[in-house]
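Input: structures, listed below.
Across the two complexes that follow, chain A remains constant while its partner is chain B and subsequently chain C.
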Partner chain A sequence: MSNLETILSRDAYILSIEVRLFWLVALLYGICLILYLIHLTTKKTGAGRLATNMLWVAVITHAGLILLRTFEGQRAPFQTLYESLSWFAWSASITYLYVERKWKDIFLPGILVTSLAVGASLYALLTRSPAVEPLSPPLQSYWFEWHVILAFLSYAVFVVSCSIEIVYLAINSSVKKGLRLEYGLNRGNLETFHRTSFRLALFGFPLLTFGIFSGAAWANEAWGRYWGWDPKETWSLITWTVFAIYLHSMSIQKWKELPASLFNILGFICMLMTFIGVNWLARLLGIPSLHLYAM
Partner chain B sequence: MAASDKNPIHKTIGNKIWGLFGSLKFTLFILFSLALFSIIGTFIQQNQPPAFYTMAYGKWASLILRLGLEDMYHARWFSTLLIFLIANIVVCTIDRFPPKWKTTLESRVDVDARFIKNLLNNHTIILNDEPVFARERILNVLRSKRYKIKEANNAEGMSIYAWKGMIGRFGSDVVHVSLLLILAGVIIGSIVGFKDFGAFYEGEVTTIPVTEFQFGIDSSWYGIPLPKIQRHKKASDIQLRLDKFWIDYYETGQIKQYNSLLTVSDNGKEVIKGKQIWVNAPLHYKGLTFYQSSYGMAYDKVKQAEFVLKNSKSGKAITPLFTADWNTPSDISGTDYMIKVVGFVSDFAFDPATKAIFPKSAEHNNPAINVEIYKAGKLVSRPWLFYNYADLFAAIPDSNYELVFQRYQGIVYTGLSINNDPGTTVVWAGAVLMVVGFFMAFFIFHKKIWINVKRNGNETEVYVGGMINKNKFIFERELSEIAESIKSDISGGMRK
Partner chain C sequence: MTIFRKIKSINWPGIRENKLYRNLASLKTSCILLCILACFYIIGTIFPQGAQFNDYIKSGGGFITFVIFFDLLNIFNTPAFLIIALVLFINLAICTFERFLTLWSRSKAAAADWQFTPSYTFPLDIKHELKSAEESVKEIFKKELRFKEKACQTYGIYTMEKGWSYRWLTWIYHIAILFCFLGFLMTYLFSFEDEIALYPGEVTVIKPTAASRWNKSWGNKSQPLGFKLELAEFITEYNQLPKLEYPADKLSRLAFAMGWKDPKYTLKEESYFPKDWKSRLKVIKGKRTVLEKTIEVNDPLSYQDITFYQAAYKQNLKIQIDDNPILFETETGKELIIPGVDGMLKFDTMMTGTLFKKEGGIEKIRPFTEVTLVKKEGSGKTEAENIGKLEQDGAIYIDNKRISIKEFKEASILSYRYDPGVPLLWWSGVVVLLAMSLRVFGAWYRITYRIEEKDGASYLLLKVNTKGLIADHERLIKKVKHALISAAEPIDHDTPV
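Take a look at the complex of A and B:
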């Protein structure tokens, strides 16, 4: 038994460091959020720049945390909901930084992205067990990593797409009237926002599709069917359908403005349902979900 | 479209229906309905017995059952929506693909300088060469960049049209067609696929049932003839034997893997021997797939049971613990009695009317064992003994003995899902095609370049312009490179 005890005490030590590091990351995301909010209220470019630089620090620290977790578990770091939430916060933030890099002094979409990063981190830290679980039988599949990476990449892209769309909706009318060209915005940005949001969703859509396909292939090997209307499966299809509606509505002249924007936001809400909401749904209705390990 | 003399009424209606299915707004309506009903399906528990809905939803239950909301994804109108979606994709593709193909394929070759100068990306190059040499050099540059080329001569000089990546335009069409393929696979699976579940005991041979199909007509729905499929289960020639079931554990005690060792025989001949399956690694044979799905202990059988014999008055043990195998008589040492285990229930219930013992569940909550007691080869009693209630009935009549059921060793079974779905291959083909379609749409760009070459005094004027359907930035660079290559001397190498 002493062998087992050594393992357990070593694991507990690494885990305590890791949880503290995650708190630090959550704090960094929180600081970013506050700086973005200062940018929103004071309209000062400096605050926005600082926020983005801080977000880089947070993302790099968070990358270190995820690497630590990978070595600790000797496997891909997204098995439990605790790990997935951490991964979600990180991938959404880095995707946002990648997109924001192309703009000059525009920081508004950062508010929603960092809010979600803070929310996901706190949800994981406060309610989920940080224990490193070994891979349960159904997870031992070569589809596991692909499925999760593809799904979360699509989540990250949809988060950023929706953040930009919301900013677009918020400033749309005032900018069109020629008012309030602040926050580094000009008339041209407006269309860029709507387009960028569209192009991100256009990129996220195949990723979601591949995520669903890899999940179906995996389910076919583990459970003997590629589709079973499990709540998570159903919601992923609903998300897919709503984004299909969004992408098509962008080519209807009358719908490409406000309706399209609303579809994008609806798609984002469905995505949150797929990721987090189904757990709540399963508990609420007592519906057994096969995706239990993601709870 | 209004009805006129030329268009009889049935044609007008036909056109209207065609127009409806060809409209993008109708697509969005279908998709929206599918999403909405799928959402409802996740809020109402699916595939429960009717009583469940009466309890959970009260007076709404009848509405739920009538609308088929309790089996949402197999309800007739859910299938109807899917059929609408299929019709919608087919009509849209027929309407839109041919003109798109035509305009993409056909392009102006003979253009003048003004046309090129109106393009977003354009360059003007002045060369000292003859137009013939300029042409040679331009063609070489374009060929080295893998463009396809068409040429035309005109009064002032000549025009060149070059293009590549045309198939990128059809990525979205490929995605649409692949969706049809996936839906076709789903339909095939729902018609001829079947799924079964079986518990297999170690060492036991089981004949695998398969499902047969009969096609007919069903007119029960408003007298409309609809195809009907009848399924019959029948025994196949395939037999399965579980050689072993075991569980692997991690060092920390968590379950690592469930494993079954299977042997398959077909027509009495062993075809697969000792194949190990586990979760995520099923066994395939002749279209059937066997999946590791669950495991458990038999609720109606044991491998062996252990007893002690006590003095019914003093309560002291007379014999040490002794073992009796299932259905095998064995001596009770120190006595002239024999014992045989003939029955078992893992969670017993007692029916006072018939005084019968019957199983309440498959859990091992309240085990009871049925034994036969022989004295000098003659059956004297057939009592039930209870694991949790030691002295409910006297086991051996006319004696001072009391038989106590102490322990038992259950029989492990493996739960296997048996599945046959010929539609799966079609679904995968559709999935692969969709991946290809997305890659075509995202990574192959349709690039078009027009070049006009014209003699002007001693010089040759070359106008280069182009268009791309996306990714304008990369194209801008490529076009500049082409212009540079045409300008520079070293490029073609065909000069004399």
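Take a look at the complex of A and C:
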């Protein structure tokens, strides 16, 4: 066997391990989702606790998978959509676990987080190519890494923020009446729980700002234009604008309650649009995009 | 200071009572304007911006009446969008100014009119005289907890703060956003960009064909730049790219997951993936080379406010048919009609330069191109047939005709741009990020306290306000408790009111 053949079969072997590990992680996320749904329907705390423990296992395994991919590609693992979907699932799950550890027996936001983790993992596994490819010349920039890391950190934070917001909207009137207390929320902790959503959005907003700024700096260095009204750029600006409205509306007395909550959820939808939806939109409408490499 | 005095001497109450001014100073207006702008942005992602109207119709674009009426293919340059952006700028400027007046007066008047509703009560050592207890508590907050005194009120209520003032930080990044707007405006008015093709060894005078909006509106013509550019060398580098044999259908992918199949990498001889394009440039002024730099994507060259970027390359071929002295000129990627050949010939990118091999070696590429024969059928469909690899010193045969490359020239295409808005935008962007990060992630504490004597005992009545994600209210209370225990030996634990 020649040296080249040895290298190619080694790469294929590592890739086969990596892809199977990713399937395992997707399966674990799926089990977590089922357990969270059991908690939702049966109101049993044990199912929620088990789901969270299982999610820790999934996140740790996924961290190993990301490290393996980094080793495999010899670069930060978020160049292609396959990689960034994996990174998104992991970062949203770990952010949720970090936030959840401060609560006592509140598991409902886990449903949305694990749904997204399962969805992102399966979308990557079933529709994208897992091939490890070298970086094309425009991506060989230190701004690129900052841009992606910060943008995805903000996405992860917004996912958890939105999950809490949805749970709050769904349950707050019942909890205030003393109902559905089995989900761990009561009159004493409800507002603190809801405030976590605002604090997370507040945390994510500078990260998103930095993500957009670093993207603009990168575009300026690579193409000489910091802004080109590319669909992905524009959707990131829409997301930023909606979250800016959300944060400001928290200072307006009349908008503080439901309108602010709706802006938070709308911001999350815009974020999904920036990440995934815009690719579909650009293809559907035939709009050229500089971000097509990530599709 | 005199500027502030002058600003203060204007009849602000009169202006500030104006309904329009009040609306423009409102946060609600900001939110509404941002909502309207978001709608413009969404429209801008639905209709291809900058597209030609005819191309839009050809590609099956709809809503033609709306597209024409609202200029939807150029929505970010329409008066409606620009006016909304301007109103947002004015709104932001007024809000920031109002905020400044509030902050300025607050910093002078301190917290004199703040309501004091304590959240914590700490018993103090009863041996203290009231005044000395006040002094010692102040010392504790100042020296041990590093608070700064902000105000001493008439009723013995003290206010102290620690950390960067979140109000000023918020104000600073809003001001910086205003400067960002000015940066955008400068880009909008004064920037221009153009492209130039440079062939190795040629010295080129750069005369922009494009002009900035400002110059266009005043009818100013663009002038040649005061220097010339020479391409000393154009370098192309490729990686070998193995192809992954992996199924596209979902069931087969599941089979991979189960281990029934394994992925496989194969490497074809011509599987090249661009690694880098570099241009070694010389800036020539008069007859002297004043600057020399090798540029690549993400590493441009800046000289006299103009920045040159590695954009692309252009390849020209002169094709010889048999031994005919008349040569056919073409560019790679374009179709060429050759008499006697059924169809058109298309030459792919000429691979030249260096190849970085998968197993680690580096090799000089023997220049070659892939040749395709394109035939157009009666129904309008095109059929492409791969003829094979044509090396620069080789030949291929089509319809018994010998086709060879007689001459090959490669140009580096550079885009260049003048944008005076970038430095302003860059610095104000950095300020936005710094101030916003300090405001959001930092910690700011305000304590308001009073010493009260009741039934012969002294108590510290304390109120705590925090801002910033790392500000820890409970930790501060613990620290206060610990500091009071070690300094004044209080007799009991704190009791929330």
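Operating definition for what follows: the second predicted complex is superposed on the first by the 291 of 295 C-alpha atoms of A that agree within 3 Å, B and C clash if a C-alpha of one lies under 4 Å from a C-alpha of the other, contacts with A are read in each partner's own complex, and residues count from 1 in each chain.
What we mean here is this: contacts are C-beta pairs under 8 Å (C-beta built on N, C-alpha and C of every residue); 3 or more make two chains touch, one makes a residue touch a chain.
All values derive from a computational prediction rather than experimental measurement.
> With both structures lined up on chain A, is it a clash or a fit for chain B and chain C?
In the arrangement built by aligning on chain A, the partners chain C and chain B clash.
> Per the contact definition in the header, classify A:L258: touching chain B only (first), chain C only (second), both, or neither.
neither
> On the A-aligned overlay, A:A170 touches which partner chain: chain B = first, chain C = second, or both, or neither?
In the superposed model, A:A170 contacts neither chain B nor chain C.
> In the superposed arrangement, does A:I17 touch chain B (first), chain C (second), both or neither?
neither
> So, does A:A131 touch the first partner chain B, the second partner chain C, both, or neither?
Only chain C is touched by A:A131; chain B is not.
> Could you let me know whether more residues of chain A are touched by chain B or by chain C?
If we count touched residues of chain A for both partners, the winner is C.
> With both complexes overlaid on chain A, does A:W229 touch chain B (first), chain C (second), both or neither?
Both: A:W229 reaches chain B and chain C.
> Looking at A:L237, would you say it contacts chain B, chain C, both, or neither? Reply first, second, both or neither.
both
> Check whether A:N220 is in contact with chain B, with chain C, with both or with neither, and answer first, second, both or neither.
both
> If you stack the two complexes on chain A, which partner ends up touching A:T209: first (chain B), second (chain C), both, or neither?
In the superposed model, A:T209 contacts both chain B and chain C.
> Which stretch of chain B would you flag for clashing with chain C, going by 38-46, 218-226 or 326-334?
Of the candidate stretches of chain B, chain C runs into 38-46.
> On chain A, what residues does chain B touch that chain C touches as well?
3-4, 7-8, 133-134, 136-138, 140-141, 203, 206, 209-210, 213, 216-218, 220-226, 229, 231, 234-235, 237-238, 241-242, 244-245, 248-249, 251-252, 278, 281, 285-287
> Could you please specify the touching residues of chain A with respect to chain B in the complex?
It comes out as residues 3-4, 7-8, 133-138, 140-141, 203, 206, 209-210, 213, 216-218, 220-227, 229, 231, 234-235, 237-238, 241-242, 244-245, 248-249, 251-252, 270, 278, 281, 285-287.
> Contact residues on chain B for chain A in the complex?
Contacts found on chain B: 24-25, 27-28, 31-32, 34-35, 38-39, 41-43, 45-46, 72-73, 186, 195, 250-252, 254-258, 278-282, 289, 291, 293, 417, 419, 421, 424, 427-428, 431, 434-435, 438, 442.
> What residues of chain C sit close enough to touch chain A in their complex?
Chain C reaches chain A through residues 27-28, 30-31, 34-35, 37-38, 41-42, 44-50, 59, 76, 187, 193, 239, 241-244, 246, 250, 253, 256-257, 259, 262-267, 273-277, 296-300, 307, 309, 311, 357-359, 415-417, 419, 422, 425-426, 429, 432-433, 436-437, 440-441, 469.
> Under the touch definition given earlier, write down the residues of chain A that touch chain C in their complex.
3-4, 7-9, 11-13, 15-16, 19-20, 23, 125-126, 129-131, 133-134, 136-138, 140-141, 143, 199, 202-203, 205-206, 209-210, 213, 216-218, 220-226, 229, 231, 234-235, 237-238, 241-242, 244-245, 248-249, 251-252, 255, 278, 281, 285-288
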